[in-house]
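By letter and in written order, the chains are A, B, C and D; residue numbering begins at 1 in each of them.
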Amino acid sequence: MKRFKLIVKRVVQIVPILLIVTLLAFFLSNVSSGDVATVTLQSRGVQPTEQNLAAVREELGLNAPLPVQYINWLKKAVQFDFGISFQTHKPVSEEIFARFPATLKLALAATLMSLVFSIPLALLSARYKDSTADHTIRILSSVGATIPDFWLGLMLLYLFGVVLKIVPVISGSKLSNIFLPAFTLSVAYGATYVRVLRSNLIEVRRFDYMKAARARGLGEGKALAKHGLKNALLPMVTLIGINFGKLLSGQIATETIFSWNGIGKFAVDSMKVKDLPVIQGYIMIVSITYIAINLILDILYMYIDPRIQSD
Amino acid sequence: MNIIEVNGLCKAYGNARPRNYAVFDVSLGIRKGEILGLVGESGCGKSTLGKLLLKLEKPTKGRITFEGTDITDYSFNEMRKIRNNMQIIFQGSSNAFNPFYTVRQIIGEPLNNYCRITNDDMDTKITAMLEKVGLGGEYLGRYSSELSGGQRQRVGIARALVLNPKFVVCDEAISSVDYALKKQILQILYDLKKQNSFTYLFISHDIEAVKAVCDRVVVMYLGNIMEILPHADSKALHPYTKALLAAALTADPAVKSKKKILFKEEGNLEIPGKGCVFQSRCLYAQKQCMSESPGLAEIQDGHYAACHLLQPEL
Amino acid sequence: MVRNILRKLLHNKAAMSGLAVILLLVFAGIFAERISPHDPYKVDLAVKLLGPSARYPLGTDQLGRCILSRLIYGTRTSLYTAMTVTLVILAIGVPLGIIAGYIGGAVDNMIMRLADIASTFPSSLLALAIVGIFGPSLYNLMLVFIFLWWAPFARMVRSSVIKLKETEFVMAAEAAGSRRISIILKHIFPNTLSPIIAYATLRIAAVIVHIAGFSFIGLGSQPPTADWGVMLNDGRQYISSYPMLLIWPGLMIVVVVLAFNLFGEGLNDALIPSSEERAIVKETGGANV
Amino acid sequence: MSETPVLQIRSLKTYFYTKNGVVKAVDGVDLDVGKGRITALVGGSGSGKSMLSMSVMNLVEKPGRIIDGQVWLNGRDLRTLSEKELKDVRGKEIAMIFQEPTSAMNPVLKVKNHLFEAVHTHDKKLRMRDKLDEFRDVLLRVGLGNPDKILESYPFELSGGMCQRVMVAMGIVTNASVLIADEPTSSLDLTTQAAILEELLRLKDAGMAIVLITHDLGVVAQTADDMYVIKDGKVIESGPVCDVFASPQQAYTKFLMEPIALLR
């Protein structure tokens, strides 16, 4: 079937990308500012002397030629074994998977929230084009798209945490206070969705099939919702998917502000203490999720838009 | 005798196997000084053939000879040496001209490439050309966005004919022009041809215009030549030409030609693997038409047709 | 032609106000030494965390440095970096786009595969990797953008070149016997310029936001540099006591980004005739995305 | 025309209030469309013929507005109906087909859903299952060979000619009494155009009143019964096709009818 061939072609395209990701992650440990052996020793609280430096190098297989090191590292990486975190001395994969649900919850909440308020607003402002409602929505969405999410987070934290004292300034990742970080993220992405969906809806109204629907007796609103929305939403699917991928890679700033310990915050904290295995693990896992989402997105798009599998 | 000749010319797009040919095995000679009409429905390959003749598209197979020399394998720069003798008039759609160019630059471009003349000579030459197509010197500074459809088409003609080329392809030159202007544009093309003995390949889907302007007429369908009529008003022999002419509605209610549909409608439009391309819609299709494709044979003097039912009467 | 583009732009009040703010900031960046009241790096704990006063128009931060001066110097780090990065991205993306579009075939595939790889990486991911390898600094952060953000430009240019190749005026130029170089420079390049200029302006705003964002989490410029992101990060501990430390840098970022967006959209409407191309620029150019 | 015409338009005016002045798209038009007859509206581009058809259905977009005139359909003046009542008329009593058939259908909706929507909008109780047979024979009636395959396919899988037939089918399935065809064949090939016009003639014989909007006099001569020549929003000449062709009064009509003849 045509679609199957397209899917296979798409999967094959991923191989080079994965290869580059592994190379990038691998080089991270070899070329990074500190020598791996000394850094590993320090993390174990052992004084780096000549002998134990040599011993550690032997243990980590650092004397083998680079390609061989890469292959062994790759063998372990495939089973998600990225070694031990210097900070917590627990396997890196365990640490990351412990924090992944928090980031996932945040990503889902932010995406849902951004769609919940962007789709109705876009429909409203496209339906009553150039009315006051349309202008206010357009101004709001362009301002929303300019406010950086990290600053918005800080301001919200100040407003709710300091002024209204509803939200504790330092909060763990309990579900109760997911609202603020999710809202912060949803403003930026939601503002873009309003603008894109609005211009798509206005573009769609010009097509003949909308006039034909009206000529069949549909009201303006019904024609827009029944015919226009689906055609306008189609191009949005890719945009929403890509943004969801970005959210999943851990919104570092928002997680740090609201001390929401997702994988983003964890990655940055380990960056500061040069916890290299964690960084390697983070890069590998996030890239794989990001690529997987893009793949799922393309396949999903083939089923939603009938035109794809034909050309 | 022939200013330009092609034999066995093919053009296929993409590299899917089996190749689908936009133009398939076309052999044609265009005589010096004639206006050869090229008609057919959309997707029959007539525009592609026009561009192939000028090497604006690379042919997949076949030979092209211009004024006796074989130019099929000429490189981009070798072609540049002879382009002043062959020009093309486009449909004059919205992207006919570079939006950043004035009329002076549009018509000046070919002149700059082939004549070493000073600027004011250039302006006089361009103004003279503009007057020939019914415009004046006041258009020199204008941009294409400031021109109407008819004016745009005249500038397009001026651009193509300013070098006095020997051979000109008119690719749907009148199809995007409003009804009223059609006659004027055709009259301009005809007068200029008479003054400078150009040779035209007049490509159009407007049967009435082709009948009024052309000497001989070539009919194409799905990339193949179906028939070559020696005169614009010769009686059609090939079933497809008959169907095409019957479908062309004459603007006179008294002439109510009863039979308008001379073809099977729901035939699929893909190009059949073998046999005549018109087999799926032809009313007279026989077994032979399905298996073997008919070559272009001379049925009467100068009258060619590709159909098994028509045997040469010579 | 250029005349009516300018006329359309001048009538657009929003775009003009955006341009005015941009020019003001560029001016502030150039003459930072002369116009900022104090040396942004001079530490004086005696005057730590003061409110706005005659001497310190916007007050002082936790190390007694004048906030206004640091904001003015901050324009240098954020605006100049963003502009240089965008120029470099243009220098890579546009020629690659023209080559891929005009020549096509294997070259086109190779460039487009590269662009696919560049656009599948989230910038935060590469930032972590590069900072991990070369250590956190503004210059390393610039590498992140240069590696990734050329792809949308290349893709946009390539698609307009492919469309242009089919237009009548490019074919007519070839039929008129013009050389390939003059076809590319005189016919193809000017007509790919308008979406590029509008998109580049929107991308400058996005680079500014990302620089501030990465500096805020410590991956970009490091203290004590006068960078709005760094100022936001330093001010975080004083959120309850001295919120002004957070408000001023944030406002600066919003003002700059809004100015570039307004000006970018003004350019978008003035330069691009076809509404469909205009939508593509607006859709992909948004600041945060 | 023997009995009273199905559609009667009396001094209809539709003006556009644009920034640079008022554009009189339709400026006082009187028009009668008889049952079982094809009435052609002929005119150059921008003559207002398409806007006339949109005004009949009151589908005029801002800044256009219908400011005067009556539109009598089967004895009811549509201009007096509320928007809700008008919605029942559109599609049920008056159907419309457009110039670009492939873009007049929703690209992500199957043909069967288009047909179902045409009937369902006016009768919510209907279910798809029991309408399928009716759809099948309506498609056969408009000359589409294998209706089952077409019902399941999407608009982009059909040729221009097939799409136009599906649009005609949508007009018939609600057995509307008037069909407005706005340049139905101008973007189709000659052979497809001939076939589509044949379908319209068959519909006319079945008693439908058809308004055929076109700029092509060949189409008018071979298909229409009566014709109205429109220039700058006004009817400058009208009457049975044979009379108008035999002795055109207005200079513009004569000019349109002049065949292309070159001074050799």
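We take it that contacts are C-beta pairs under 8 Å (C-beta built on N, C-alpha and C of every residue); 3 or more make two chains touch, one makes a residue touch a chain.
The model shown is predicted, which means the values in this text are computed figures rather than measured ones.
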{"item": "Neighbouring chains shared between subunit A and subunit C, ordered by label", "value": "none"}
{"item": "Intersection of contact partners for subunit B and subunit D", "value": "none"}
{"item": "Chain pair with the greatest number of C-beta contact pairs", "value": "A-C"}
{"item": "Greatest separation from subunit B - chain, by CA centre", "value": "A"}
{"item": "Centroid distance [mean C-alpha coordinates] between subunit D and subunit C, Å", "value": "52"}
{"item": "Distance between chain centroids, defined by C-alpha means - subunit B, subunit C (Å)", "value": "49"}
{"item": "Centre-of-Cα separation between subunit B and subunit A, whole angstrom", "value": "55"}
{"item": "Two or more partner chains touched - positions in subunit D", "value": "none"}
{"item": "Interchain contacts, given as pairs of chains that touch", "value": "A-C, A-D, B-C, B-D"}
{"item": "Of subunit D, residues touching subunit B in the complex", "value": "44-45, 143-146, 159, 161, 189-191, 193-195, 197-198, 215-223, 241-242, 245-246, 255-264"}
{"item": "Residue ranges of subunit A in contact with subunit C within the complex", "value": "13, 16-17, 20, 24-25, 27-28, 31-33, 142-143, 145-151, 154-155, 157-158, 161-162, 169, 188-189, 191-192, 195-196, 199-200, 203, 235, 239, 243, 245-246, 249-250, 252-253, 256-257, 264, 267-268, 271-272, 276, 279, 282-283, 286-287, 290-291, 294"}
{"item": "Sites on subunit B touched by subunit D in the complex", "value": "41-42, 178-180, 182-183, 186-187, 190, 205, 207-209, 212-213, 243-244, 246-254, 256-257, 260-261, 263, 265-266, 269"}
{"item": "Residues of subunit B defined as touching subunit C within the complex", "value": "51, 54, 56, 76-77, 80, 83-84, 86-88, 90-93, 95-101, 109-110, 113-114, 143, 145, 156, 159-160"}
{"item": "Subunit C residues touching subunit A - in the complex, by the definition given at the top", "value": "113, 116-117, 120-122, 124-126, 128-129, 131-136, 205, 209, 212-213, 216-219, 232, 236, 239-240, 243, 246-247, 249-250, 253-254, 257-258, 261, 265, 275-276, 279, 282-283, 286-289"}
